Amino acid sequence: MNVSTILIILLIGAFATYFSGDKLASKVALLFSLAALGCSIVLLNNYNAGENISVINSWINQPKISFALNGDGLGLAMVLLTAALTPIIIFSSFGNEYKNAKGFYALILFMAFAMVGTFLAADGLLYYIFWELALIPIYFIALIWGNGDAEERRKAVVKFFIYTLAGSLFMLTAFIYLYQKAGSFLIEDLYKVNLSACEQFWIFLAFFLAYAIKIPIIPFHTWQANVYQKAPTVGTMLLSGIMLKMGLYSVLRWQLPIAPLAAKEYMTIFIALGIAGVIYGSIVALRQKDLKKLLAYSSLAHVGLIAAGSYTLTLDGLRGSVMQMIAHGFVVVGLFFAAEVIFRRYETREIGEMGGIRTQSPKFTSMFLILVLASVALPSTFNFVGEFTVLYSLSQINIWFAILGGTTIILGAYYMLRMFQHVMLGETNSKTFADVTLNEGVSFAVIIAVLLFFGFYPKPITDLITPSLETILQVINKN
Amino acid sequence: MNTLIAITGLGIFCLLFEILNLRKAIIPITILGLIGVLALNYCEFGTEQSYYNNMIAVSKFSTAFSSLFIVLTIFLVALSHNFYQNHPTKISDFVAIKVFLLAGAVAMVSFGNLAMFFLGIEILSIALYVLAASDRLNIKSNEAGMKYFLMGSFASGIILFGICLIYGAMGSFDISEIHESALSAELPIWFPIGMILMVVGMLFKVAAVPFHFWAPDVYEGSPALTTALMSTLAKVVAIATLFKLIASMNFISSLENQDLLHTFEVIVVIISIASMSVGNIMALRQVNVKRMLAFSGISHAGFMLMTLLTVSASAGVLLYYTAAYALAGIAAFSVILYVCRDQDNEDITNFHGLGKTNPLLAAVLTASLLSMAGIPIFSGFFAKLFLFNQTIQAGYIGLVIVAVINSIISVGYYFKLIIAMYSKEPNQERTGRPFLIYATAVVSIVLNIALGLFPSLVLDLLK
Amino acid sequence: MDTNLALILVLTPLLGFLVNVFFGKSLGKTVSGAIGTIAVAISFVVSLLLFNQITSTGKGIQVTLFDWIQISNLKINLGFLLDQLSVLWLLFVTGIGSLIHLYSISYMHDDENMHKFFAYLNLFVFFMITLVIGSNLLVLFIGWEGVGLCSYLLIGFWHKNQDYNDAAKKAFIMNRIGDLGLLIGMFIIGSMFSTLDYATLKTAIAGATNLNLPLLSLAALCLFIGACGKSAQIPLYTWLPDAMAGPTPVSALIHAATMVTAGIFMVTRLNFVFDLATDVQTVIAVIGAITSLVAATIGLVQNDIKKVLAYSTVSQLGLMFLALGFGAYEVAVFHVITHAFFKACLFLGSGSVIHGLHGEQDMRNMGGLRKAMPITFWTMLISSLAISGVPFFSGFFSKDEILLTAFHHSIPLYVVGSVASIMTAFYMFRLMFLTFFKEFRGTEEQKHHLHESGSLITIPLIILAILATFGGLISLPGSSWLNGYLAPLFTKVAGEEHHLGATEYTLMGVAVLGGLLGILIAYVKYFKQDNVPESDENITGLSRLLYDKYYVDEIYDAVFVKPINVLSKFFRDHVETVLSAAVFGLGKIASEIAFQGKKLQTGSIGLYLFVFVLGLCAIVSYIFLAQ
Amino acid sequence: MGNILNQIGIENYIFLSVVLFCIGIFGVLYRRNAIIVFMSIEIMLNAVNLLFVAFSTYHQDAQGQVFVFFSMAVAAAEVAVGLAILVSIFRNIGSISIDNLKNLKG
């Protein structure tokens, strides 16, 4: 049993879902996503037991492209994130009715498939293929099942697609160039290849363009808010919960080790960009009228911090950002789900039209509040562990980075509590607000449980990711 | 060689069937016949032979491309069943013309002598003139035919002049002889000029900037099926022939001797960049799908021209690219044929809501467009990949970056169509599920994806 | 054994919280109240046991649960440190905590969400305990932010009123500003000594050669900023008066007795750091003194009974920091304890008054409550005497210690402190006179319902009053039990025992006189001449300035809050649009070119052929040129 | 025969046919009547044919002349098709000026 099993399960799942018809689709999809989760957990055990779960088969001999999947700690951690979030996301959508549901859920599973592939791929081109494949389903999900004015939605979605594609095509060029140097797309060969500082600079830039757009790092974020707002909440969850992490993960896995000199050379610039993102995102989030947009900007701020952490090139930085990725993945899914729950009852995303929900639905309020607090990294939530580690690593580079990046705990608290106050508190709104249903509650509960558990006991994850991060650092510091 | 004869024979049979009132049988029999020819051609694969004192030189290259042409023709013939339903009397003519056209195409890639090359190109062109103008009563079709005819014959004039100059320089039409003497030190300037004239003529056929102006108009005006033929078969044939011309006559090395190589490369680079950019940008604002695909074809021509920079190595890449492109094109056009059956134009509005009314066809069209745009897992992506790989290897990183930017632009208009299919409301009833069209669409797209999954199949043929 | 004790200590309040959250509603008000109270009471008992153990053994207990966060050069585990300081804190946190829980059962009885109230209170106690007994700075930080959260929840307990929510939000965010300072301080210390654990840190610093003192001072400063946030010192004090929006027991527990003293706790805990950063200590002293004076001046003219107490709290905290600034940690701690007693008592008393008047908080509508609610009156009187530093009440000793210390180090600060305490005496008795003497100034309807509160309210009052009276005994001048008890914590000799000489006695006398003077002025002003403070509109001049709290809130609003919001609007409306326009722009350019290009495609064969020939000629001529 | 070439020189033949060829081109470019355009194209082709013959004499090799037959035949075929198209156009729009063929554009 090796990592390809998950891919197979998800792919089969996608087709099975499509052919199971609109009635069953959601159930089948949930079933398969859970199967994938189980499979990944089994794999995790095998991995911890020291079993080799990687795959490598040759695929195309000229140019030499191989079907290589590398199940190491880092990859597995991200796969687990995907495999854990997909069922939650699917389950959270049970409250909604989608037309042509079979296509919808099939696309979700297909996207999960592509993203898992991206996290596992150990061959540059295979990685690129999965990377691009992940783009197609979300494009259709946002286009067909999205909400808001159709014309604007088209604009937003197409912009998103072309923009991200543009970035990644430059990455492809970089990969081909590397191939000329290394004579293979295999990651270890790419790690080995020696590049001049200038080459590294350009390659680093090509990668950066791809990732900066995907993550997104300012000023490449302009697609984000609109797409998050227009996409159906499930799509938004997939985007913000997992797809962002593809970019961040790729920074660790591909960009830094392949172009270490450039990474070291321009480290401060990119850290600064990330931190600028933190501040900018937080400030823009303050005055958003649309709940989903606000959350979008908040996640812009958070990923900025994560990116800054990874560009520190220190073990703490990398470790912190990986943990923050996972934590943010869960919390942001939870928050968007909360927005969806409100939307189901109020049919609006305008913060101005909400309020007074707390009196009517205490359960929902508490869950939402916990998520809000997690996203502002209250100690004893997982986010705190990540954020603390990242900030600490930043402070090791330059105390000012830590101070400026740290403003997130002030500004974050400001806009999140402001939002919470206007959405949940205050005089009871005329509209009635039924408390969370069992389904909704379960999704929330799972997310919260994960956040709190790892908040107090992050050790398992740390132990899982540390070795692979150390190897990456070795590659970075080899010369 | 046998392939060529067989094809011609098949063409004649088509005409006979009309006389024998076997109209119904024409299409199936032709298809079967072509499949037979394909088998025949397959047997010839790998044999290096020349016939009729080297009028026809069969090589891996020629057979590989011929089989691609034959496959495309099979699809086109299959499509013509529904296309010509309304005037059954002509069906045999049209099918026959297509088959003869195929003969010309095969002759073009397997010529061993410039005379054969000229005949081949003329057979192809004349057949195309006829097809372009075939919708007699439709002024658009007439105009298209006229334009194509005038410019085409003009171009063949140029080609002829080129052949003539080469003959003057070499004293022979025979490829192999030219191949030898091309390396001799003192060559009259006529030779490169002649080559350039021929190349220009061929560039016209592949519709490369600045010789592309005819393409959009003709594509738009001609009957849809003819457009399909032009944008897939004709284009592929032309580029393949151009490639063979340059490769077989040792042109590159002779240029090297007279240190004109750099000049030539500059020209190629400029033309290919121009074609890509003009093609993609012009396509952005088109409302007529056929016209849009014409421009996209121009840009693809630009991509394919990149292979001329690495002639020695990139035959396989060219074959792969053309196959990927043509298969995608066939799939796309079969959907267009279905959608625009009884429309008087092929505007994008006709495609509204196709995703709801005919999900399968919509999926096929989407897939083919994605393939043309170069999205992974469709062969279009790998085609681009291999092409870029070749080109970067030859050191044209700048050219590749331009190409990349262009493929970003191209997404813009491909997705216009996809959006129209999926996010707009259907504006018409689409009845009937013509089997042949569906079959063609599905088969061609499946082939396309198969190529994507196992690129080595095609890529390594010409190694 | 110790581990279990510690766990019981921490987890019982948490358990109470969980029970109240999940079953509180079904259990009914009284039961849930009882559960909450018992949970805290148990912790109190445990603390007593621990206290007993500590005093007997004399050395602290270190409990380590498990590794928490791994960072390359410092390992942070989740562990507890139970030593003299933490146990002392535990005693009054849980002790007063349980009293206030008891009080709340009756006080909150009319509130529909009473079970939630108790849940939050328990949660608060849980976090407070974590804060106190954490064995390293990060565990302290859990509690630190946790109590902040609880204060947020409890200030905004009546969440239908957006003003209250604003107050809650303000409290949380201002605390967060401090927390950032605390974090940075931690980072610096962590990178300097690669540990955040108190014990290790202490040894590390003790053993350290050629310390980077400036950096350490920076760290100390950052930590102090954190303390400012929690303990409401200038410039971060403005949240505390607003925090009075919460129910009165909350003000008593969180915003008077326990949470706000966390800053003092943290500084005391890290005394070995601050001792080295002498200049930071000066800063602390100065800020403490100024805060105490400013708050006191504002307190002079407030008419909201709770606001008066709030400002008095701020000012008292300032005094404590004054002491800390001089390195007299035990003195500060002493004042923390006594203050906890009498301030809690005062708040609860005011609570009982407000309860009796059905939510009336403006002293201008009170008066003459002496007869109506005697117990409240007497207890509050005792506490007021204590806070005013009237001899032999607890406040007398602690405040006197502080002033003595100040006198020994810097006369100006001593003066400031004394003035502040005179003012304290004045406004406290202003409060007393306005509330309890003369005739009732409220509505008839209120007058009709006047009554003494129930036993659940009065019993805690009485207990606290007793403590406020005799609390001073734990550290009598000359023979201080407290100093001896805390001695092991401090590196340098615990605050030099003031041998009671002439100066000391004079200073004491001065202090007492000052206190009495304040009381006297109040007596003259509000009893003899019985004038009642003006109604808001016709307050003028200096008192207007004071009444409006020096307009600090307005200034902060103008300097920080508004600009950020303006900036946010600007980003949202302009920067964002420009950025996305830039991206769309590229597409626009392309399609514009296309639009122009379409014109080239005129459809005329002539043109097409012309371009054809042109291209041909261009190529051929290029070839010739190249030749 | 060869001596003629020696007297005149192959270049002149080339120039002649180039000139003819260009005349043809200009005819195509500047005349608007389709028939005349056809004729200009014929001139181009025939210019080339002339050159073929000249070269074949120059090289003393018959292939060139054979080729001329091919090209003539092809030219004939082309013109046949061309005229056919022209006829149908005339039927439809009653004019053979290529300026009227501007409906397809943009």
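As written, the chains take the letters A, B, C and D, and residue 1 is the first residue of each chain.
Heads up, the rule we're going with is that contacts are C-beta pairs under 8 Å (C-beta built on N, C-alpha and C of every residue); 3 or more make two chains touch, one makes a residue touch a chain.
Which chain is which protein? Per UniProt: D = NADH-quinone oxidoreductase subunit K.
Computed from a predicted structure; not experimentally measured.
**Student:** Measuring between Cα centroids, what's the chain most distant from subunit B?
**Tutor:** C
**Student:** Any chance you could check whether A-B or A-C wins on number of contacting C-beta pairs?
**Tutor:** Per the contact counts, A-C leads.
**Student:** Counting only Cα atoms for the centres, state how far subunit A is from subunit B in Å.
**Tutor:** The computed centroid separation for subunit A versus subunit B comes out at 43 Å.
**Student:** Just how far, in Å, is the C-alpha centre of subunit C from the one of subunit A?
**Tutor:** Each chain reduced to its C-alpha mean, subunit A and subunit C end up 37 Å apart.
**Student:** Between subunit C and subunit D, what distance separates the C-alpha centroids? Give it in angstrom.
**Tutor:** Averaging C-alpha atoms per chain gives centres 99 Å apart.
**Student:** CA centre of subunit B versus CA centre of subunit C: separation in Å?
**Tutor:** Once rounded, the distance between the two centres reads 79 Å.
**Student:** Using the touch rule from the top of the page, what residues of subunit B touch 2 or more other chains?
**Tutor:** 146-147, 150, 154, 216-217, 412
**Student:** In subunit A, what residues contact two or more other chains?
**Tutor:** Residues 162.
**Student:** Would you please write down the residue numbers of subunit C that are in contact with two or more other chains?
**Tutor:** 587, 598, 601, 603, 605, 609
**Student:** Can you name the residues of subunit B that touch subunit C in the complex?
**Tutor:** Within the complex, subunit B touches subunit C at residues 146-147, 150-151, 154-155, 158, 189, 192-193, 196-197, 200, 204, 210-211, 213-214, 216-217, 258, 260, 262-263, 266-267, 278, 281-285, 409, 412.
**Student:** Which residues of subunit A touch subunit B in the complex?
**Tutor:** Subunit A reaches subunit B through residues 60-63, 125, 128-129, 132-133, 135-136, 140, 143-144, 150, 153-154, 158, 161-162, 165-166, 169-170, 172-173, 176-177, 179-180.
**Student:** In the complex, go through subunit B and note every residue touching subunit D.
**Tutor:** It comes out as residues 115, 118-119, 122, 125-126, 129-130, 133, 136-137, 139-140, 142-147, 149-150, 153-154, 156-157, 160-161, 163-165, 167-168, 171-173, 190, 216-218, 220-221, 286, 291.
**Student:** List the residues on subunit C that touch subunit D in their complex, please.
**Tutor:** Subunit C reaches subunit D through residues 598, 601-606, 609-610, 613.
**Student:** Which of the residues in subunit C end up touching subunit A in this complex?
**Tutor:** The contact residues of subunit C facing subunit A are 21, 66-72, 78, 116, 138, 141-142, 144-146, 149, 152, 156, 159-160, 162, 165-166, 169, 172-173, 176-177, 179-180, 183-184, 187-188, 190-191, 564-565, 567-569, 571-572, 575-576, 579-580, 582-584, 587.
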